Amino acid sequence: MTRFGFIGMGIMGSAMAANLVRAGFEVVVWNRSPQKCAPLQDLGARIARTPRALVAECPVTFAMLADPQAAADVCFGQEGVCDAMVQGKGYVDMSTIDAATSQRIAAAIREKGGRFLEAPVSGSKKPAEDGTLVILSGGDRTLYEEVEPAFAKMGKRSFYLGDVGQGARMKLVVNMIMGAMMAAFCEGLVLGERGDLDPETILEVLDAGALANPMFRLKGPRMLAEDFAVNFPLKHMQKDLRLALLHGDETAQPLHVSAAANEAFKQARAQGLGDEDFSALLAALRTNSG
Amino acid sequence: MTRFGFIGMGIMGSAMAANLVRAGFEVVVWNRSPQKCAPLQDLGARIARTPRALVAECPVTFAMLADPQAAADVCFGQEGVCDAMVQGKGYVDMSTIDAATSQRIAAAIREKGGRFLEAPVSGSKKPAEDGTLVILSGGDRTLYEEVEPAFAKMGKRSFYLGDVGQGARMKLVVNMIMGAMMAAFCEGLVLGERGDLDPETILEVLDAGALANPMFRLKGPRMLAEDFAVNFPLKHMQKDLRLALLHGDETAQPLHVSAAANEAFKQARAQGLGDEDFSALLAALRTNSG
Amino acid sequence: MTRFGFIGMGIMGSAMAANLVRAGFEVVVWNRSPQKCAPLQDLGARIARTPRALVAECPVTFAMLADPQAAADVCFGQEGVCDAMVQGKGYVDMSTIDAATSQRIAAAIREKGGRFLEAPVSGSKKPAEDGTLVILSGGDRTLYEEVEPAFAKMGKRSFYLGDVGQGARMKLVVNMIMGAMMAAFCEGLVLGERGDLDPETILEVLDAGALANPMFRLKGPRMLAEDFAVNFPLKHMQKDLRLALLHGDETAQPLHVSAAANEAFKQARAQGLGDEDFSALLAALRTNSG
Amino acid sequence: MTRFGFIGMGIMGSAMAANLVRAGFEVVVWNRSPQKCAPLQDLGARIARTPRALVAECPVTFAMLADPQAAADVCFGQEGVCDAMVQGKGYVDMSTIDAATSQRIAAAIREKGGRFLEAPVSGSKKPAEDGTLVILSGGDRTLYEEVEPAFAKMGKRSFYLGDVGQGARMKLVVNMIMGAMMAAFCEGLVLGERGDLDPETILEVLDAGALANPMFRLKGPRMLAEDFAVNFPLKHMQKDLRLALLHGDETAQPLHVSAAANEAFKQARAQGLGDEDFSALLAALRTNSG
């Protein structure tokens, strides 16, 4: 039986690790706050004392951490991943981190002879629980092939996209489209409301045609109910738009529509909606209509 | 057996009328160029000599015409629809026409005692053939209810949206969202290409996630092959964006993202792409990247 | 001594007519509300009973009216300008009116053998009083040359731009630039404020450099004092941006920056600032920063 | 007689140092390529062998270097400024550098007991020669007061704006407004051309009204002649817009118009105009109109 390490038992990581346990893999987990490992232990996972100890006993380790700082700490900190990294071991960082941090971790792992794969995911809590994430990976190809059976339990699709950096880049492209689509959706809804169209009927019409998509279908009704319970925070969506635009800047690619969407989300931040779900852009647009 | 008139045997109208014939309705057709009626006759439809003659023998008549001018001509011209309109007859104009023309036709029909329904559709050639249009109607409610069985053969969904004008308005909202979504899609594709991501993989990734929708799925592969065979002309998409923005103007509703999309499509027109499919925006964005 | 008629004694017209009187021209005036003619009479102007009577006794008549409707009424109404128009007489409409109304008036004047000049102005109350308007004329060239001495008293510069329509078009170009410049100015001020720069110092810095212009100089200090006393209403500025963009639409000319400015002014309208001076855009941008 | 050091004899620095010499100050100069010091020597300046030697003999030293790297090298390199910095000496960096480099230099100078002033300028070659720059300074106030007589010879206005960083920030605000104004100007010109207005007349009309400014006046005629000889490179203008927008991002300040201008300049870069003057945006807009 394959044994996997899994570092980071937050909302995403615990759901993903649980899917590995349920699939019959032997799983060893670690989390900074140890009590968050308990549910996984109940499911059958073992708990390691430190990242170093975990990596020492697992041929391949996954990590799902909150931000670049946490990802770097786990890797470079005392009793960290790097301390146990040796020839041939694999490290798969599924956190959403910036290119610089990703390159820094990749270089450190490789220097010890290890293999590195970045594998950020598209999808949040629900898909993590259901094992329907979309996994966007870049880095060591042999490692990708080895972990595909595990990816198949965590996600409905996984992609190998090339070198380290290409996974993050793909995620940025997808999120940029997502941000602009959400902005288009919100503008359509408020324009319809202005013209006395029933917003629920607008949702039905959209869902009947060529634009029908899960995001409109799932978020639409909640948005009309002004339920902006956070799934993907608005400020993170705006940050991704900013990063995508900066990538366009580096490559001299004008992106007029995404730039307008970026400013629209900034405006929502200015109205205090940064910590709401990114669909709260609707509330910002309605405010403008005051 | 219910008898329906159908005026306008263009690409859309002939497919829609054929679905009525095949569903077993008695159908009488008319077209300015009579030879276009032949295929329908082969299917079992009868041909009327003039719009007036057609309306005279049908309790309810559908029309699907190329533009507002054609819609007005058929209605107000010599031997036109109005000449035969009497108390209780129904007239369902499914053409995409401006509000003013729609109101003018509605008033004329009502003055004769007739009942009027505007019913523009979302969807083009393929959905017309497959009977999977989305029908957006406004006007006489009793007429809507009477023609629902016919709508059910021409479309997969039909909506009654209120007064004359609300059907056209809903179509504008949908098309505005469609235009901005297409622009977002194109920007994402070119940004990905700039970052050495395989564009076909971008399509796969999008189709695996929460943004998956028929438009991306059907048009995406053709767009990558630079096949912009016209389905919905780019210049018409830009016109709809302009009209939607003007509606926003009347109601003091800022629409930053759609306004940027409108300028992007204008730019594509400036590059000579107005008569291509609206997905040719991709070619315009790639040119910018020269 | 040349005799001129002058129709319309509003804020602009009365100041302009007064400059003609003071320059020694014989001036006959008319206004719908007759009491507004009194100050001109005090200066030495004569009052006509109707537009018709006025035109009957003056070889050349100027008009400065509030809107297209007023301009049309004075021309086509009972006892109107057209009733007295004969071969060779001149009519100079300095109102800001749409192209269609302008063409309609031009056609009516010409049909009677008269000569027509549209001559909208750039500048508002203060330049009207000071005789420093910029006059943008199109139409009959001989008439332009005849009235140049009068233009020289009302404005500091006058331009002959070609056919009827070119005066209005030039005004649209100037106002579009003005709107976008104002938006740029406001964005710079709020960005500076966000960065703890003293806004009065920003004004000083701007006025010391290559961007220094009368608009920033005159409006800037009032804007910082939140004094948006109306000089040119925000809603009119936004209307001019809309018209300029529609002109861009007709000619397939993308205008990304002006389109963004248009939406920004729409947003200010949505916040209830439409009747303030167009510099109140600053207040809208600050609100966004809430 | 006050003695000043001056480091950096590029186009800007040599003109600025020359103005100090001509004003009667004793000036010691240094440049990486020593031959560029010759003209200044001819005017009466002395040449130092290294930055360290220069600082050692001057109580106050100005620097005007090409970019942040050059500014850092001169300061931190072997035989650099820091090596000779002691209690009370002044260092005035007039280069346009990023906040991080500026802070790093400021910290190093202060650690040695020196006084630091950042003083980026608004204006390019001609104002540098004419002594009409606008100087935007931040940092040590006593140093600002001491160098005011020198600033008065290099610029027509100098401003003390607060801490280190505020000079750079003010420059960003001014340049953001400049970029958006240039974009507005270009859009107006092309729209006018599309409407058959004579572009030279548009310049005259603009120069007669409330928008008249030196930038339109000086650059306009060259732009119409497609003379885009570089004064301020387009790619630098776009970089400043990007930095200004990022500042807006940090402070949640939406800047829709400047964001659109940023994308417009990116588009010009995509068309290969990055190394032309920033007024070459006009050529990019005309291309769009193809």
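Each chain gets a letter, A, B, C and D, in the order it is written, and its residues are counted from 1.
FYI, a contact is a pair of C-beta atoms (placed from the backbone, for glycine too) under 8 Å apart; a residue touches a chain by one contact, two chains touch by 3 or more.
Everything numeric here is computed off the predicted structure, so don't read it as measured data.
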| item | value |
| --- | --- |
| Joint neighbours of chain D and chain B, given as chain labels | A, C |
| Proportion of interface numbers common to chain B and chain C (over half same, under half different) | same |
| Approximate Å spacing (C-alpha centroids) for the pair chain A, chain D | 42 |
| Mean-CA-position distance for chain C and chain A (Å) | 55 |
| Numbers and ranges of chain A residues touching at least 2 other chains | 248, 252-256, 259-260, 263-264, 267, 270, 288-289 |
| Residue numbers on chain B that touch chain C, as the complex places them | 238, 242, 246, 248-249, 252-256, 259-260, 262-264, 266-267, 269-270, 274 |
| Chain D contact footprint on chain C (complex, rising order) | 122-123, 134, 136, 156-157, 159, 161-162, 166, 169-170, 172-174, 176-178, 180-181, 183-185, 187-188, 190-192, 194-198, 201-202, 204-206, 208-215, 218, 244, 247-248, 251-261, 263-264, 285, 288-289 |
